[in-house]
Amino acid sequence: MTLNRKLRYGMVGGGPGAFIGAVHRTAAALDGMMELVAGAFSSNPEKSRQMGAELLLDPRRVYGSYQEMVEREAALPAGERIDFVAIVTPNHMHFPVAKAFIEAGFHVVCDKPMTTTLEDAEALCRLVARHGVVFALTHNYTGYPMVKQARAMVQAGEIGTVRKIVVEYPQGWLARPLEQEGNKQAAWRTDPKQAGAGALGDIGSHAENLARYITGLEMEALCADVHTFVEGRAIDDDVSMLIHYAGGARGILHATQVAVGEENNLNIRVYGTEGSLQWFQEHPNELYYRPFGQPARVLRRGNDYLTDIARHNTRLPSGHPEAFFEAFANIYRNAGRTIAARLTGTEPHPFDLDFPTVQDGAVGVHFILTALESGRRRAWVDARYTPPSE
Amino acid sequence: MTLNRKLRYGMVGGGPGAFIGAVHRTAAALDGMMELVAGAFSSNPEKSRQMGAELLLDPRRVYGSYQEMVEREAALPAGERIDFVAIVTPNHMHFPVAKAFIEAGFHVVCDKPMTTTLEDAEALCRLVARHGVVFALTHNYTGYPMVKQARAMVQAGEIGTVRKIVVEYPQGWLARPLEQEGNKQAAWRTDPKQAGAGALGDIGSHAENLARYITGLEMEALCADVHTFVEGRAIDDDVSMLIHYAGGARGILHATQVAVGEENNLNIRVYGTEGSLQWFQEHPNELYYRPFGQPARVLRRGNDYLTDIARHNTRLPSGHPEAFFEAFANIYRNAGRTIAARLTGTEPHPFDLDFPTVQDGAVGVHFILTALESGRRRAWVDARYTPPSE
Amino acid sequence: MTLNRKLRYGMVGGGPGAFIGAVHRTAAALDGMMELVAGAFSSNPEKSRQMGAELLLDPRRVYGSYQEMVEREAALPAGERIDFVAIVTPNHMHFPVAKAFIEAGFHVVCDKPMTTTLEDAEALCRLVARHGVVFALTHNYTGYPMVKQARAMVQAGEIGTVRKIVVEYPQGWLARPLEQEGNKQAAWRTDPKQAGAGALGDIGSHAENLARYITGLEMEALCADVHTFVEGRAIDDDVSMLIHYAGGARGILHATQVAVGEENNLNIRVYGTEGSLQWFQEHPNELYYRPFGQPARVLRRGNDYLTDIARHNTRLPSGHPEAFFEAFANIYRNAGRTIAARLTGTEPHPFDLDFPTVQDGAVGVHFILTALESGRRRAWVDARYTPPSE
Amino acid sequence: MTLNRKLRYGMVGGGPGAFIGAVHRTAAALDGMMELVAGAFSSNPEKSRQMGAELLLDPRRVYGSYQEMVEREAALPAGERIDFVAIVTPNHMHFPVAKAFIEAGFHVVCDKPMTTTLEDAEALCRLVARHGVVFALTHNYTGYPMVKQARAMVQAGEIGTVRKIVVEYPQGWLARPLEQEGNKQAAWRTDPKQAGAGALGDIGSHAENLARYITGLEMEALCADVHTFVEGRAIDDDVSMLIHYAGGARGILHATQVAVGEENNLNIRVYGTEGSLQWFQEHPNELYYRPFGQPARVLRRGNDYLTDIARHNTRLPSGHPEAFFEAFANIYRNAGRTIAARLTGTEPHPFDLDFPTVQDGAVGVHFILTALESGRRRAWVDARYTPPSE
């Protein structure tokens, strides 16, 4: 039994000039399986209305606050109200918004990092469990088919035992103090109150998630160098760390927003006893695989020789490149199918469950806070995360 | 005055298993400015209905034939009927379908090559002029922002006078006789009746369009080697040609579907007296610019240093790669804005008129037929195209 | 029995300011198996003496003309006189110099293209046969180990039957009329009397040789577009051609010296029924191999997985790049070993015979003249070459 | 006044089967300015003799030990004896051999790392000063022209103030215990007595030297993770570290010999306030330069737009790639010219002094020992090096 209609969703955040809100909307639209029907796009009701009009929404479903939205949507008949909410606010608002919608029984797609405190993160874990909702965190880079291919190859033992992980996330857009020049994106992302952490939270957490998604390895200890290069900035803009993983692998993770000339160059190398893998976000359709003693292989998206899950998460034949939106849309599509299964009382396909969860979010928040602590103490620190027992 | 609603469109072709129909639907959906409301998805009414159901369309607007569709849609009230039709059938059907819809006053987005005869192509030119409709041809590769950047740079004289053009379109998917193994895509594309020409029509025409879009140069003469490598195939699967352009530039164009290992590697180099440009469709976010006597430069999509039209045709910041769907969507978005301007009686922005036209389609058909003739005669032939006076 | 001494050689050409003479000397020195002991470095005796002094040669063996050199060297005792001569003059002098030395019984290493007329080329073939000397032509690009790997793979059937060859040789250094600005290299290379042909002879002949070396295919017909872009230049600077090979393969060859931004970008693609190969001279340590239906493989010089002949022609472990000099030195080393075998009355190892011969030179000259004729006639022409029976 | 003869040199080490000895000999031969005339190629006199014979040396100058060599060469007349010695033994022998030759007044070219203890390194510094000899250390990677270009650009302020350095040296050849399988190279390089340190000494020291050469920055503190992955190996095979540089720059350095699929992938990125640079040893002819807010530029060896010192250290035009041997030969050529200047009592050109010195060697040894200590202590340590006052 399939859901014989589009999923309906609402958005909190994503008002005029916001970057990530528009990305979420495009990602959600890509497969024609969901439609935006409601929103509280800004804490400024006028801006929210303006955005709603631009998006051609019914003005009655454009709200002045998330509180109003959750209340009014919950009061709508089942056949009208939203199925899930997409939360695309600055980081510090993820928690209260998510909490309100979860408690009202709505499913959630939430941007990352999930919260700014571990307490909040773990509270969300409990809320999701208690209310039985679907919760997807948009660590969008794990939505790329070739990342899924890499994960499948590690799981299948094609590179043997993982020895070393090098994951990098260099950007350059904050090399100068844009936040002092009226750039809205820069402003909230460098405000400790709204963002929690800087480079570490914004992009370091993607790097952590990517490495863990592909290798399945948990951190045991880390030693981080957390730094702020740009004068007057109140938050980190550069972080480098050494990592020990459970089982003996070693790692290097670095993320920076001041690397002039870099755009969004997330990349990862995983070296195992039998082979290695390398992937670059800016050229996402290729995965380099170097088996021991043999020529390197360039695996490319869309080919029949890829694993099922990589082929499942793609839309175009090989050579017709896919990119950022399609990867992001994979989070939406998989979460959407899981939500639809929930609505129709069916079991989702195992591939549909392949999206980052609230638990991934808690691990990410723990990682950020641990790295900040290591940086402050200038020492190796324990990095193991034990989720609280319910 | 803006059109305060989504554009409504219908589709002819694009039934179950079709490739390009799904691409058109995704491209049209990407910007949230148009919605699919009707369709004649297959010449088999049952398949058409099935597709319509899958797409969650109102069954009353899913038709068993394009004739039925044009008649019934034309009879709907203005506030309901489609604004334009997307034609995604095999090539030989483009003409009758387009003709029917144009004569009924609908705007048209049509796949390429436009027709299988020059007579039909020129008839379409006349029909579009007579009925005053918007007609967009989906030579989607010119939708890429970095292709638009290249064109703007040539126009601005940044490479001086163009001397040499090398445009290549190698694919490998037809290296074996897939059409004899039940592959639907391969079947119609290698059937002379449905496709008109093989590699030459399917991809050679894209190469021609790309070179002309970037350089603005018209062909004067060409000498083509048109060949079929795969035994039992009734149509060309490999073509190479030498070209003389008006004004003295020389060119090489080759397109093949039997190049094992190639996927969709359309690429172009344009060498001028003062610099050169290079672009690869499979890595569409970069444009290589080599000014005389200076280091090569790598221009990347999404940066402020690009020209207005390149920045206008993009959706994501630099380093967040865009790809095939976004380029395709640029055709839809620009054509859609032009249609919307028509509907609201306003002037479209000049950038909105940046999509391939019915005249481009006629040039393309003329090119295909000229190359076929050169191949048959094994000689240089005149390649100048003079559009008929109305 | 090995030759228990270094080979002794002399040089004709390669005086002050010459490019290729210095390259030959470095290539010859690389393996420590031969030493330069004599020379007629310039037709200007003073310049010849100056070069000899710079090279620390015994002044008695620095000659004012090649005629003097051949006479005086031939008169020296066997234990002193040169074993072979390296001819690095402008093209039109290759023939008289080679003839003189061959007739005096010296082995020859000669730069390309071998001669400026087919008559001379065939005369050289006869002279070499009659006098039983070793003759090596420095088509240096076939000296690269990964080119040898490509040839071995084609021979082993790893790409099946060759269908299409695309070989390119774009340079940009003659995009402006350097020959009118006192550039010595440009001057003789654009002088029809000294060079015979321009881009076609200088680099087109390398492209021809490379394609033939790798695939073993002979041309059957070609249609060339031979052009001069730079005003006032008396020789071609740009050539493009379509080719039919014996056995049914098709080809494209283009070579240009006016492609602004290109340096020395010789490259080749060979597409077969079972796979394809691609190699770039500017990144010579890699060979791309794309087997049908499998991921592309990047074969890299220095690895154990390569064939014997590729490993035989290399000096450094993988990752320690080799380049132009080492490839050039492979011609010298292999020819040198063959000469040493001749001197010691032993059989050379089959790998030592792997250098371009006087027959290759004749094929190359025939190719150049055929392409010029096709260009003049603007038509397909027969390109088959039948060596004269002795 | 120029030295009107070739320099004469002898070699210690580099016997049958040695890798680096052959590299030194080829590098020394490349420019025809020096000749090998003597050697103690092995501590096994028979092997030394065998190597000497293979190299066609006068048997009287092939010695059974370095002690014999230094004594006998010193006793030869000035016009016969070697000008300098090349030391290519395992690391632990560098010191005694260098000491003996310096004390006898010979100039020295020595492989790296210079010594296995800081005491020895500093003793060498004093000996070089006292005896006034030329001492060159073969950190060959700084011999690449594009590395010199990078250094010149940093010095000229083209990337502003350096903020972050990422230098990597991944290899994979020791991913398995080759030293237990009779591989001679692996055996001594993993023997703590002969090598001192493993990956850290063998390649980490190259990475340190490269970063310091380009940026001129000294380390202030570092935190290293020094590890051995391969069971039974007595020495490190993987090292990663965080670095603080004087002046505030941050760094990451990692070197490994167990990265399956890597060959010799030394590479560096330097990010400054105004731009960044990136260079890969395996593609040494290119340097990527990304100025703030502008397109990336690809600088290529051999072009006129490069700085004087980059052009001075090259032999071929652009597009004719140079590689490992030429970079190595630059150390020899520059050191050789400095020695020749010493011999003729003239001043060397400033460019000729551009080779790694005995002081660089001491810094490198200090770096190795500091990193080992940090790894043992699992903590940040002071990394400043103050050379002893004489």
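Think of it as A, B, C and D in the order they're written, each chain with its own count starting at 1.
The working rule: a residue touches a chain if its C-beta (ideal position, glycine included) is under 8 Å from a C-beta of that chain, and two chains touch if they have at least 3 such contacts.
If you're wondering where the values come from, they're calculated on a predicted model, not measured in any experiment.
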Mutual neighbours - chains that touch chain A and chain D alike: B, C
Chain pair with the higher count of C-beta pairs in contact (A-B, A-C): A-B
Approximate Å spacing (C-alpha centroids) for the pair chain A, chain B: 35
Centroid distance [mean C-alpha coordinates] between chain C and chain A, Å: 56
Shared interface positions of chain A, touching two or more other chains: 262, 296, 300
Touch-based graph of the chains, sorted into line, ring, star, complete or other: complete
Residues of chain B that touch chain C when the two form their complex: 159, 163-164, 166, 168, 170, 172, 175, 223, 225, 227, 229, 238, 240-242, 244, 250, 252, 254, 256, 258-262, 269, 271-276, 290-292, 296, 378-380
Of chain D, residues touching chain C in the complex: 4-6, 19, 22-23, 25-26, 29-32, 36, 55-56, 171, 173, 262-265, 281-285, 300, 302, 315-326
Of all residues in chain C, those that touch chain A in their complex: 289, 293-300, 303-305
